[in-house]
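The structure appears right after this line, and notes come after that.
Each chain gets a letter, A, B, C, D, E, F and G, in the order it is written, and its residues are counted from 1.
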Amino acid sequence: MEEYNQQPDVYSVSQLTNEIRSLLEEQLDFIWLEGEISNFRSPVSGHYYMTLKDQKSQIRAVMFRLQARYLRFVPENGMKVLAQGRVSVYAPRGEYQIKLDYLEPLGSGDLALAFEQLKQKLALKGVFDQDKKQSLPFLPQKVAVITSPTGAAIRDFLKVLYQRFANIEIIVVPVKVQGDNASSEMIEAIELVNRNLEVDVIILTRGGGSLEDLWAFNDEKLALAIRGSFIPVISAVGHEIDITISDMAADVRAPTPSAAAELLVFEKEILIKNLFQLEKRLTATIRSQLNNQAITVEHLSKRLKDPRKDMEDTLLRLDDLHGRLVRTMGNNMSGLRTRLEAGEQRLRVSSPYQTILLSGQHIKLIRKRMIMVMSRLVKDKLHTLTLLEKRAIDLSPLSILSRGYSITRKLPEKKVIRRARDIEKGDRFQILLSKGIIEGRVEKSDSEASFDK
Amino acid sequence: MTEKKFELAMKDLENIVENLEEGNLSLEDSMAAFEEGMKLAKFCSQKLEEAEKKVSLLVRESNGKHSKIPFELEDITKSE
Amino acid sequence: MTEKKFELAMKDLENIVENLEEGNLSLEDSMAAFEEGMKLAKFCSQKLEEAEKKVSLLVRESNGKHSKIPFELEDITKSE
Amino acid sequence: MTEKKFELAMKDLENIVENLEEGNLSLEDSMAAFEEGMKLAKFCSQKLEEAEKKVSLLVRESNGKHSKIPFELEDITKSE
Amino acid sequence: MTEKKFELAMKDLENIVENLEEGNLSLEDSMAAFEEGMKLAKFCSQKLEEAEKKVSLLVRESNGKHSKIPFELEDITKSE
Amino acid sequence: MTEKKFELAMKDLENIVENLEEGNLSLEDSMAAFEEGMKLAKFCSQKLEEAEKKVSLLVRESNGKHSKIPFELEDITKSE
Amino acid sequence: MTEKKFELAMKDLENIVENLEEGNLSLEDSMAAFEEGMKLAKFCSQKLEEAEKKVSLLVRESNGKHSKIPFELEDITKSE
């Protein structure tokens, strides 16, 4: 029913309705109301639906079958009634209405008058004052029921408890609820319970009956005893329409014994319900908190960026740099290599080979020229020499010898002998011939002899 | 007497729930609050379950003292 | 780190995530941040897991006790 | 060199590559630059590898831990 | 000659080549120049060869290191 | 005579030949000039031969060294 | 007479021949002149013969050395 409220300053419709409901239901619980019945209807459910109105206003009212069946009359439109009930809010439709516990037609008889007088008196004494009424215990666990153990009241009361599985300890305090001494027995019982029993609440009850039957409850002393009880007293006498002094004096009035039981059960059930709600809210809150945190953690974990994405880029950059480094170095090296090889090639091409080759040929040529010149020189000289020699030989005095002449020379002087007397017998001489030389000794020398003789 | 404690426990539980719902607590405090809340709820739950479901009749003995005897209305529960 | 508060760890984790997302960290720093972030996330997860287990345990314990009442209650509330 | 920062090493490597690419270095300087560049590249490569391994390990470690908790939590939230 | 710089040697070699190509040298001078040129070429060649070997070695060494990492990284990134 | 320069020797040789060719020399002088010329021719030839051998040697020496390394570098650079 | 120069001897021989041709000489003188002429002719002839031999020798000596160089040179230049 109660929503988990995250933003306190904004109401949800349910919250507002709840607020309204608790306001109305707390403030306008157990109120008396006078008005005229209209729009009365009773569907198959047996509940009574009507509108109570006066000259100016109207209010929707319902009386559930449980209470309605105790009415001794059937309500009619236009009937003026005195009603008792509590304002309630029907959340699903946002409507308020009054849930009627009691309804009586206005105007009644003698006992009623006496009743009215006692009521008046006690009211004046303040016995009925709201501020004197104790609230019901927070957790009614142990209850004393002052009633006749054989009456309908205890039976109805226990029936409700059994039906609702309420574990409430019940101590039945037996009293007469009708006739002489009934009042004093009840007074005594109240005092006894107050004195001896540790109970959370006292329930004074009896079933329905005539006004006379219920008269024991319209007792001044009983009313005072009820008022004097330290233990809160619930009075549940007769049917809804039966209002007794003890009802009015009691801290809480239940329309019937069953209603009293329901009241008890209801209190406890409300507690259980509240407890359950609180536990549910507790669990839901902690879980939603944990869940939110877990979602946050998960979200953050997802956002916790894997640095490997960046590293991939860096790795690509690194590889690029590495590649460029190697490539550039390779290019630089091969550039240098090319330059070096070009230089080397040019060096080889411009090597001194050519010079050597040309110089070699030049030397060869010069040498050839030199040898030629030298040979010719020698040859020329030889030629000149030969010519001279020939001329000399041609002019030689020896050339006449070829004609048969010869030259005789005395030896050893080799003096040409022109006359015989130039030589004497025995002298050695030599004859030069054209070819060859003859040597001999003079045998005879005749200076007078002549050729012609 | 027990109901006093119970009421306090319920109140405490309610405060704890509201504190938690406000959402300003640290995880540790929330957990502590939750645990305390659960303890309180358990305590309250036990208190609610505690009472014995029994019906007894108070009788006056001859010596004037009162005592409780079991009170049964079998016919009632069975019929209807 | 165990005594570190969950909220502080969450705050730290958030700061780390934001720092990493800004992308201005050096490799070494982002590595350190990432590692710290992972530790914090783990720590927070564990804390939450522990808390969750504890909650589950407490809820399970208390579930045994209740569970009958709600039905009846619901019935009543609906019939209104 | 180990305490050298990765980013600095990358920057140095880049400068070296650019210097080499400009082609104004002598052979000796080119060689020295190249050698230094290769060392830097190796250093960076190792750093990256280490970092990558560390991250992988962290990620692998944490992959086991995460991703269960939300499920459990979801289950619980739904069952409520 | 070893401490001579490669670039100087290259320059000298080129000057020698130009001198030789102009053809004004005596046999003795051109022989001396040619011999010096050949020595320079040899020196440069050796220097270059050393450098090339060193570069080759460094490149070969580094080739092992690189190119494995990207694969691993890809694998991991995909598996994520 | 060994320190005599090749070019001078060549010049002398040429002069000798020209003198011889002019024919004004006596036989003895011619013979002396011729002998001197032959010596010069021999000297120059030897010088040339020596130079040739040296060049051959230098060329042959340098031919062996080159042309292997660039390939390796290319291979590496390509393989990248 | 050995130190007499070839050209002088040739001149003397020529003079003798001319004297003889004038025919004014007595037989004895012309005989002597003739004889002297023949001697001179012989001397000159011998000188020339010597010169020729020497030339041949020098040529032969130097022929062994030459004529190889150009070939070798060509070979080398082609092989480049």
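Criterion: a contact is a pair of C-beta atoms (placed from the backbone, for glycine too) under 8 Å apart; a residue touches a chain by one contact, two chains touch by 3 or more.
Nothing here was measured: the structure is a model prediction, and the numbers come from that model.
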Pair of chains whose C-beta contact count is the highest in the structure: A-B
Chain located farthest away, centre of subunit F as origin (C-alpha): B
Shared interface numbering between subunit G and subunit F [over half = same, under half = different]: different
Chain occupying the most central position, where position means C-alpha average: D
Most remote chain, CA-based centroid, reference being subunit A: G
Subunit A-subunit D separation of Cα centroids, rounded to whole Å: 24
Subunit B and subunit G, separation of their C-alpha mean positions in angstrom: 166
Cα-centroid distance, subunit A relative to subunit F, in whole angstrom: 90
Interchain centroid distance [CA atoms averaged], subunit C/subunit D, Å: 32
In subunit A, residues with contacts to at least two other chains: 165, 272, 279, 283, 286-287, 290, 293-294, 301, 306-308, 311, 314-315, 322, 326, 329-330, 333, 336-337, 344, 348, 351-353, 356, 359-360, 363, 367, 374, 378, 381
Residues of subunit C whose C-beta touches two or more other chains: 6, 27, 31, 34, 38, 41, 45, 48, 51-52, 55, 59, 62, 66
Pairwise chain contacts, counting only pairs that touch as defined: A-B, A-C, A-D, A-E, A-F, A-G, B-C, C-D, D-E, E-F, F-G
List of subunit E residues in touch with subunit F within their complex: 26-28, 31, 34-35, 38, 41-42, 45-46, 48-49, 52-53, 55-56, 59-60, 63
Contacting residues of subunit A [partner subunit B, same complex]: 4-6, 8, 137-139, 141-142, 144, 149, 154-155, 158-159, 162, 165-174, 192, 196-197, 200, 268, 271-272, 274-275, 278-279, 281-283, 285-286, 289-290, 293
Parts of subunit A lying in touch with subunit G, wherever the complex brings them together: 348-349, 353-354, 356-357, 360-361, 363-364, 367, 371, 374-375, 378, 381-382, 384-385, 388-389, 391-393, 395-398, 407, 415-416
Complex contacts: residues of subunit A adjacent to subunit D: 283-284, 287-288, 290-291, 294-295, 298, 301, 306-308, 311, 314-315, 317-318, 321-322, 324-325, 328-329, 332, 335-336
Residues of subunit C defined as touching subunit B within the complex: 5-7, 47-48, 51, 54-55, 58-59, 61-62, 65-66
